[in-house]
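In the two complexes below, chain A is the common chain; its partner is chain B in one and chain C in the other.
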Partner chain A sequence: MITVALAKGALLKDSVSRFAKAGLDFSNLLDKGNRQLMVPSACGRAKAILVRNGDVPVYVAYGQAQLGVVGYDVLREHQLPVAHLVDLGFGGCRMAVAVKDTSAYKSASDLPPHCRVASKFTHCARSFFNQLDLPVELVHLTGSVELGPITGMAEAIVDLVATGRTLRDNGLVAIEELFYSTARLVGNPLALRLDHGDLQRIIDSIRSNDHPNNFSS
Partner chain B sequence: MITVALAKGALLKDSVSRFAKAGLDFSNLLDKGNRQLMVPSACGRAKAILVRNGDVPVYVAYGQAQLGVVGYDVLREHQLPVAHLVDLGFGGCRMAVAVKDTSAYKSASDLPPHCRVASKFTHCARSFFNQLDLPVELVHLTGSVELGPITGMAEAIVDLVATGRTLRDNGLVAIEELFYSTARLVGNPLALRLDHGDLQRIIDSIRSNDHPNNFSS
Partner chain C sequence: MTLQPASGAKDLNPQQVETNHLLSKRLAEVYRLWGYEEVSPPRVERLTTLMAGEGISNKDIVKLVADEPLGLRPEMTASIARAASTRLSKRTRPLRLWANGTVFQTRETVEGTMSIEESLHSGVELFGVKGISGEMELLTLMLDAMEKLDIRNPASPTLLIGHTTLMELILTNIDGDKTLRNDIKNALLNFDRLQLENISMEENLKRKLLSIQEIRGLPSYVLTQLEKELGKSETLDNLKRLFKMIEPIADSRSIGLQLDPTFQPHFELYTGIVFQLVFKDNSAPIVIARGGRYDGLIRHFGSKGEDAAGAGFSFEIDKIRELLAEEVSNDEKYKKMLVTYNNTMNLEDAIKRQSFWHKKNVVAQVELEPCKTESEAKGAAHKRGCSDFEWLH
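On to the complex of A and B.
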């Protein structure tokens, strides 16, 4: 049986709709009353596990799920061995460096060496500042990263920006983009190699559903 | 001005009540409509920042908050340089090893070498299994750790157990306890050393509020 790992939260609705078009109906997951973490598809041929964003690549990498949908930001941050299959196009947001809107910094390279930068995505931030050859002290936070500059703990943050409203509400402004992130269909490499066609049919069907930037097309 | 870092979630209500007895009223934080992450105390002498559990020791260690309330589990996991001041007694839960209730393992040392163990608390788990001299492969998850054994990804989990209901609902059973965790009042070491009495009065007042296991008494 095929198992699909889906992320709770913002990506769930579109993920369910894309799998529905590929013939796997997990709409039970969208019921507000649903508390189950594992639900069968309506056809009974597959099941979905509902996990946190960051855990999707873990279940796919270990082969507990053959397919998964997760933001590119998570894939960049955790670097787990999963195959990137399709850029699904939805869930678009930017990984950006942001500072106080009263600050004089207009780009990341304006930041003073050894300043503190708060982020949930310290791996992404580390590699960005390394490429910039700017040594910074990264402070790992798990939520509300915008409090870093507000409390004076950090000069800047590296965080996901969708509409920009959270930044504005907190008097912050994005000054540089690290990369653009969208939802991706990922797969377990071994499962893909051993596949007799079932997985490939689902992948093809999801891929044919628009969006230009498919990796294997 | 004194800044206090408080954790969102289960510990918040009791934390606010303990600070209220010490003369700092942060009850605004308990309003369901509150969306502010930083609120002044009713007296105006202090402010509270509302952050995620794991971020409390970060703000205290960096000195953005002089005091904070956080679970001992987080302190054990993140090992940041904060002073442990008072065991507040509430928020009690056990860090435990759990397995499927159909499993034959009766204690952690029954687990097979090199088996997989899923946890949000991989640092705590690592040091526990090291002491046991049992090599295991730790799988870091960020939520719903009980899915580890259910999906067959992990033989066991290391997780916080309060009532035990989540374990039971998922067909798991705790077989060994790593440690017992309660909420702790922590402080920034430098702020405590430079204190002219203001912080100490708050600490003393919170400490005098019962509970036997105070570290400095």
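On to the complex of A and C.
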């Protein structure tokens, strides 16, 4: 049976909708009363496991799930060996460097060497500042990263920005974009190589419902 | 004080050790039947030897504190290949060797910490045979070994196969610089379709490559599809010959064959066929054996001409043990006898009797305290896990 790892939260509704178009109905996951973490598809061919965002690539890399849907930001942060199959186009947001709106820093390279940068995404932040050749002290936070500059603990943050409202409401402004992130369909490479067509059919169906820029072979 | 074994280290109980021995013995019997000779490569090697084929990266090796850069072997091929190319270089080719032993690898956990992974391997190496004849022997031997292992598991095994010449064939006619070919190769090897879509190249070429990335399945089907995409070639004809022989053997042993043109794990090391034997059921796929051709490594160790050829495979015994749906079958377990005695006899009598059983090659142990009745002796035998007992009275 095919196992699909889906992320709780903002990506779930669109993820369920994409799989429904590919013939796998996991709409039970969207019921408000649902507390189950593993649900079978209506057709019984597959099951979905509901996991935290950061755990999707882990389940897929270890092979417990053959397919998964997760944001590109999480894939960049965790760097696990998963196959990137389809850019699903939804869940768009920017990974950005932000500072206080009163700050004199207008770009990331203006930040002073060895300044503190708070982030949930320390791997992404580290590789970005390494490319800039700017040494910084990264402070790992697990949430409410905006408080870093507000409390004076950090000069800047690296975080996801969707509409920019949270930044504005907390007196912060984005000064540089690291990358643009959207939801991706990912797969376990070994499971894909052992596939006899079942996984490929699902991938093809999801791709054909995807945004028009994608290639369909 | 931490009383646990180091992370990743194996600390097996007697039943697990017995199963490991049994599986190793079954494999050794097949290797010997095929004329392979046992060698015992060193557990500690110079890092330069371990990394010679570029298939093993520095971070995978457990390093030792010593005056020279040393590490524990992450696999046995490099050491055996070195021996074959140096002190065994005068031996007639084909040279057939096998080895059984523990290997060590470091692995980065999801938390970012390093863990040492210890595992028992059993495998063969075949030296001095170029071309597909060596590959034919190896694959047939592996299928024989699989049959002898008698793994009774509801999951079905699949032999996943790639060949470096197929990737070369795919990349041959691509115009452009080396960087473009490398980018394409990496995207195909990593199964990264999005990367392939984003590489700047002609639309027709992109569509062709995206189509090739989806070709996998039964070898006869895959080779026909590749011939349609890439045209006729000697490489494809050679592979047809190989699989014409292997397909019916695999079929008769219920082992699926899956040829995947873009499958090349450790692509720096392998220079021909590369394969993994995988069990796949409802959970994650489990690789129980892997192997391939590594002529480049042999050349690195100084072999030249026809002698510069090597190929082999290795079974991971611990993974096979974990796969077994049931414990080792009873007929292969030793008969185990418990010698007991009552108060009219003594321990010396029991030990003499134990020697009698040992001479008959029966596993026998003595109950050190007397058993007053026969039923007490029977209970003791049951408690000690013995299949039989003797009560001296």
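Assume the second predicted complex is superposed on the first by the 211 of 217 C-alpha atoms of A that agree within 3 Å, B and C clash if a C-alpha of one lies under 4 Å from a C-alpha of the other, contacts with A are read in each partner's own complex, and residues count from 1 in each chain.
The working rule: contacts are C-beta pairs under 8 Å (C-beta built on N, C-alpha and C of every residue); 3 or more make two chains touch, one makes a residue touch a chain.
Fair warning: this is a prediction, and the values are worked out from it, not measured in the lab.
Of the two partner chains placed by superposition, only chain B is touched by A:Ile150; chain C is not. When the two complexes are overlaid on their common chain A, residue A:Ala83 makes contact with chain C while staying clear of chain B. In the superposed model, A:Val58 lies in contact with both chain B and chain C. Of the two partner chains placed by superposition, only chain B is touched by A:Thr142; chain C is not. When the shared chain is aligned, no partner comes close enough to touch A:Leu75: not chain B, not chain C.
By the touch criterion stated above, A:Ile49 is placed in contact with chain B alone, chain C being left untouched. When both complexes are overlaid on chain A, the residue A:Met38 reaches chain B alone and has no touch with chain C. In the superposed pair of complexes, A:Val4 makes contact with neither chain B nor chain C.
Once chain A of one complex is fitted onto chain A of the other, the partner contacts of A:Asp195 are limited to chain C, with no touch recorded for chain B. Overlaid on A, the two complexes show chain B and chain C touching the same residues of chain A, namely 3, 58, 62, 64. Listing the residues of chain C that touch chain A in their complex gives 110, 158, 160, 190-195, 197, 206-207, 210-211, 214, 216-217, 258, 260, 263, 278, 280, 282-285, 287. For chain A in complex with chain C, the residues that touch the partner chain are 1, 3, 58, 62-64, 80-81, 83-87, 184, 187-197, 200, 214-215, 217.
Partner chain A is touched in their complex by these residues of chain B: 3, 8, 37-38, 49, 51-55, 58-59, 62, 64-65, 116, 139-144, 146-147, 150-153.
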